[in-house]
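Listed below are the structures to be examined.
There are two complexes below, and they share chain A, which is joined by chain B in the first and by chain C in the second.
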Partner chain A sequence: MTHKRFWEWFIFPGGIWIALLFAIPLFLVLALSFGHVDDFGRGVYGFSLDNYKDVFDATYVPVLLRSVGYALATVVLCLLIGYPVAYFIARYGGRYRYALLAALVIPFFVNYLVRTYAWVALLADQGLVNNLLVDWGLTESPIQMINTPYAVIGGLVYGYIIFMILPLYGSIERMDPSVIEAGKDLYGSPLQTFIHVTLPATQAGILAGCVLVFLPAVGDFVSAQLLGGPDTYMVGNLIQDQFFAASNWPFGSALTVVMMIFLAVWMVFYLRRASKGEAEVL
Partner chain B sequence: MSAPFYKPRFLKVFTGLVYLYLFIPIAIVVVFSFNSQKSLQVMEGLSFRWYTEFFNDPTLMDSLLTSVQIALLTMVISTIVGTALAIGLVRAHSGTAKGFNILMLVPLITPEIVAGISALLIFSQLGIALSIWTIVIAHITFSISYVTIVVRGRLASIGVEVEEAAQDLGASKWQSVRLVLVPALWPAIVAAGLLVFALSFDDFVLSFFTTGEDAQPLPVRIWSMIRFGVSPTINAVGTLMMVVSISAVALAVLIPRLFGRRESGVKVLTGAEE
Partner chain C sequence: MSGEAIGIQGVTKSFGDFVAVDDVNLSIAQGEFFSLLGPSGCGKTTTLRMLAGFEVPTEGRILLEGEPVEKVPPHERNVNMVFQSYALFEHLDVEGNIAFGLKRKKVPKAEITTRVAEALELVDLSSRAKARPNELSGGQRQRVALARALVNRPRVLLLDEPLGALDLKLRRQMQIELKAIQREVGITFVYVTHDQEEALSMSDRIAVMSEGRVAQCGPPEEVYEHPKEEFVAGFIGISNLLEGKVESGGRVRIGDDCLAVPDLGEGHADGETVQIAVRPEKVAVDEFEGEPYRIEPDMFTVEGEIESKVYLGVGNQLTLKLVNGSRLVALEQATYRMRADEQWEVGQRVKIGWHPEHCMVLS
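Our next item is the complex of A and B:
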C-alpha cells in the first residue's frame, strides 16, 4: 500500500458520508424544483419551469428581497457591534482575554429557540421592557416592538453575532500592534490609523465574519416566526411553509434553489479563501 | 499620547454593554423559571413549580430522553468518523484530500434549512420513515465537519516526526496511528465530541425537518409549545437545556487544560487554527 493510499483510507468514511448525505441530496432539491405536485399532494419529478415562474411572482419577490435586506442589515449591525468588542478583547483583554471569550460563547450554547423566546418575553406589548417604560413614565401606552422588522433583525443579530466576533478576534489578535504605532507616527489621527492600517490588516476577519453571519441569516425562519408577523416573513418561512403546512415540496425546492443561488457567490468566495488558508475558518 | 490616557474607556463601556445585551435575555429565562406564578413580567415568589410540571409531563420527559439519545449517538459516530477524516486530510497530500477539504466545509456554511430539506428529500426518496435515526444521520453530517476542524487544529501542531520515530522502532503505519497519533489527539477528540453533543442537543432546524411523529426531540417540542402560546414551563426546560449544554462545553474547555495546554480549550471553542 502506498503512503498516499494509506492516508486516503482515513478520508473515505467521512468523505463518502458527506458526499452521499449532503452533496447528492442538494441535487435532489434541484431536481425536484422542476417537478410538480400530483393528485395525492406528493412531489413528482418533472421538467417544468412553472415553480420558478411562481417564485418570481409579485407575491414572493418582495419576500426574497426582504430576506436579503434583513440579512444585510444584520451583517452591518453585527460588524458595528462586534468590531469594538473583538478589538477590546484582543488588544486590551490582557489576562482576562480567554475568560472574556468564553463568556461571549456561552449564550450561543443556549438553545436558539429559548433565546429568541426570551426576546419575545422582553419585547411583547405587555412585556418587561414596555412595563418598565410605562412605569418610569417614559411612555403613556406600550410601544409596539414585537411584529416589527426591528425585532426580527434584532433577533438575527442576537442569534448570529458570535460568528462575526470570533473571526474578527482572530484577525485582530494576529495583527502586529507595532503597525498601529507606525501608522500613528505617519498619520497622527487615531481615526486615520484605524481606516488606513487596522481595517486593511483585519480585512480577512471582517470578510469571514460577514459571510458567516449573512449565510445563516438569509435562511433563518425562527426569528421572523417568533418576533415578527406575516409582514416580516423571510424566505425561510416560505420554504418551511411549503414543506409543512402548504405541502408543496417542488415549489419549496424551487424557493430553496433560488435562495442558494443568492448565497452561492458568498459561499464560493468563502470556500476559495478558506482553501487557500486566508479566511478565518469557524 | 501618554499611556494612562491611551486606555480606551469607550471600548470598555461599549463591550460591557454588549455583554449585558447578550446575557440579559438568558438571565430572564433562568430567573422566571423559578417564578411561583404564571407571570412573565413580575416575580411573585420562588418555587420549583415549573420544574415539577416538566418532570411530571410524560411527553416532555420522552423528548428529553430522545434528545439525549440523539446527542450521544451523534457524538460517538461523528467523533470517530470526523477524527479519521481530519487525520486523512492532513496526512494525505493528494488531490482527493484537497477536494474533500473543501467539500467538508460546505455543510458548515450552508443554511440549516437547506440541509434539513436535503435530508428530508433523500430520506423520502429512499423510502426511509422519519424516526430518531433519521435525525441522528442528519446531525452526524454537519457534526463530522465540526469534529474534523477541531481535531485538524490540534493535528497541525503535531509533526510527523513522532510517527516516523514509532515506525523506525518497528511499528506499522497503522500502529503508529493507533498508539502514537490518536493518544496525542485525545484531548481534541474528547473536546470535539462534547461540543458536538451540545450542538446536537440544542439543534432545532435539522431535527424539525427530519423528525417523525413520535420521539420528537426537546427543541422541536419547545417550538410547538412556543407557537401555541407562552408557557412558563418553557423557562424551566430552557434553563435545564442550558445546564446540560453549558456543562458539555465547559468540559470541552477544561479537558484540554487538564492535559496541560492552557489556551487550546478556548481555541477549540473559537475554532482558531494553530
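Our next item is the complex of A and C:
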C-alpha cells in the first residue's frame, strides 16, 4: 500500500505541467471566444455569442466545409496509397522490414513547412516539373498546378500519410497469415479473400489511420498557405489570420473552440471503438 | 473404403537449397484416417500444404480422386483445412465463420442455414451460434474450425496439428471426438501430428516422415511392432537399441550372450553388425536370486543392475545397466499383484529377460 502511495506522487510534475501549459491557455481561449475587440484591436473578455454567430455566417461556412472535404479526400488518398505500402512491408518486407519503415519515417524528421516548400519549388509555374514538361515539348505553356485544390490535398497527403501507414502496418503485421489462407481454402478468390478476410481483420488499423490523418489534416494551414490560393482557404488559415493578420483574437478563439468540439466528437467516436477492441490506440 | 482419394507421386518440394519434401510417394484411400507423423521440420506440414494448394510441388504429381491438382489454386480445390492456429475470422460470429465457404460457393441461402445448423449440431456448438470467436474457449474454437471445414463436405479434410494448442485432457477427449466425427461423416482425413500417441490411437494408417522422406508407412500396429529403421523405432515409443553381431543359424551375439532371433530375415551376412530394438514394456525384470516371478522359461535373459528408477504411479520406469555396459529401459506395469513403489533399489543386481520374438532387427 505505502509503496503504491509513493508512486502516486509521480503524477504531480506531469499534472502541473498540463495544468499550466495546456488547461489554463485552453480556458483563456474559451473565455476570449465570448469577448470582443476594443477600438485599439485588443481582445476584451465579455459574455457575447456574436463570435459564434460569425463562425456559422455564410462567409465562413464554405471554409469549414472545404476543410472537412479536403481532410476527407486526404484520408481516402492516404488509405489508397498507404494500404498497399503497409501490406507489402508487413507481409513481404522480411528482414528489410525495419529498413523500409525507417525509409518512410526519415523524411518526417524534416520540418513540415520545409517539406511543403519543396513542393512549391516542384509545382510552381516556373518550377521543376513545368520546366521539364515544356522542355520535353509535352505542353506549350506551364500547367497550373500550384494554387489548386489538388496541390493542397497533395500536400496534406504527403504531410500526413505516415500516420496512416504506421497503424496499418501494425495491424497487418499482427494478423495471423493463416487467416488469409483460410479464406482461400474456403473458396475465396484472392479478391474475395481480401474484401471478406483481410480488410475486416485489419479494420482496427484502418480506423486508427483514418482518425490520425483526419485530425491534423482538417486543422492544417501550411499546405493551403503555401500550395493553395484564395479559393483553397481552410479553417486553419482562417484561424491563423484572426490571430496574426486581422488581429481579431476573440473570433479566432471562437473558431478554435468550434473546431475543437467538432474534432472531440470524432475523437470520442474513435476512443469508444478502441475501447471495444475494434480500433488500435497508438 | 473404395478407391484412391489422394495420390502423391514422386513429390519433391524445395525452398532454395533446402529440400523440405524429398520424393514422397503415398496413396491414401477413400474414407481413410491417414496420419503424417514426424518431428518438426520433417516435411509433414509442407506435404499437407501441397495437398491444400498453398505450396506447389517442385516436382511430381498430386492426384485428387484421380485428377491432377498440383497446379490448382486452393480456392478451386475441393479440400478443406483445419489450421493449427484455427485461423478463425474474428470479425464474424460462429455461424458466419461456418457459412463462409458456402457463401463463397454461392450455395442458396436456405441450404446454408440448414447446413450450418447441422454442422453446429455435429460439433455440439448449437448454443454458441451467435458467439464471437474471442468469446470461446480453446476447445470450442477448435470445434468451430472443424465445423467450418466439414460443412463444405470436402472430398478430403486436411488437419494441421489441430489439437496442438489444447491441454492434455481436452486433447484426449477431442481425439476420441474427432475419430467419431470422421466415422460419422466418412470423409478422408489427412492428419498431421508430431504426437506419436495421437497418431497411433486415431489413424488407420501412419506415414512416419523424417528429413523430407517417408521412413515407413503402414497401420499403427505394424509401425509400432515392426519398425523398419532406427528412426521409426526411436520416434514411435521408446526403443532400447542394442548392438549385436550376426552369427550363423539366425543368432545374434550381444556381448557374451547369444540370442536366437526368430525373424532375423534374409540377407544378413555372418559377422554383420545389426541393431536390435526391444520395447521397454516387453522387458521383464526379476531379482537375481530366488524364484522367477516375471521372467518366463522361454525368455532370453541377461544379467544387469538397476541404475535408476522413476516412479510413474501406474508403474516404474527402470534404467538397467547390462554387464557389457549397454543400457536398457524397462517399463514395469503395476498390477493387482504388486504396487509400483514396493520393489527395487538403485544398484540392485537383477535378471533381465524378454521373448526373442519381441526383438526387432533394424537395418
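Annotations
Following the convention adopted for this analysis, the second predicted complex is superposed on the first by the 266 of 282 C-alpha atoms of A that agree within 3 Å, B and C clash if a C-alpha of one lies under 4 Å from a C-alpha of the other, contacts with A are read in each partner's own complex, and residues count from 1 in each chain.
Keep this in mind: a contact is a pair of C-beta atoms (placed from the backbone, for glycine too) under 8 Å apart; a residue touches a chain by one contact, two chains touch by 3 or more.
These figures come from a predicted structure and were not determined experimentally.
In the superposed pair of complexes, A:Ala201 makes contact with chain C only, with no contact to chain B.
By the touch criterion stated above, A:Met267 is placed in contact with chain B alone, chain C being left untouched. Using the contact criterion defined above for the overlaid structures, shared-chain residue A:Glu181 touches chain C, although it does not reach chain B.
Applying the stated contact rule after C-alpha superposition, one finds that A:Leu28 touches chain B and leaves chain C untouched.
Within the superposed three-chain model, A:Phe56 lies out of touch with both chain B and chain C [touch as defined at top]. Between chain B and chain C, more residues of chain A are touched by B. When the shared chain is aligned, no partner comes close enough to touch A:Tyr96: not chain B, not chain C. By the touch criterion defined above, A:Pro84 lies against chain B but remains apart from chain C after alignment on the C-alpha atoms of chain A. Within the complex, the chain B residues that touch chain A are 7-8, 11-12, 14-15, 18-19, 21-26, 28-29, 32, 40-41, 81-82, 84-85, 87-89, 91-94, 96-98, 100-115, 117-122, 125, 137-138, 140-141, 144-145, 148-149, 173, 198, 202, 204-205, 209, 219, 222-223, 226-227, 230, 234, 237-238, 241-242, 245-246, 248-249, 253, 263, 265-266, 269-273. By the touch criterion given at the top, residues 52-54, 73-76, 79-81, 83-85, 87-92, 100-101, 104-105, 148-149, 152 of chain C touch chain A in their complex. Put simply, chain A touches chain C in their complex at residues 176, 178-179, 181-190, 192-193, 196-197, 200-201, 203.
On the chain A side of its complex with chain B, the touching residues are 4, 6-15, 17-19, 21-26, 28-29, 32, 81, 84-85, 87-89, 92, 98, 100-107, 109-115, 117-122, 126-128, 131, 158, 161, 166, 169-170, 211-212, 215-216, 218-222, 225-226, 236, 239-240, 243, 249, 252-253, 256, 259-260, 263, 267, 270-271, 274-275, 280-282.
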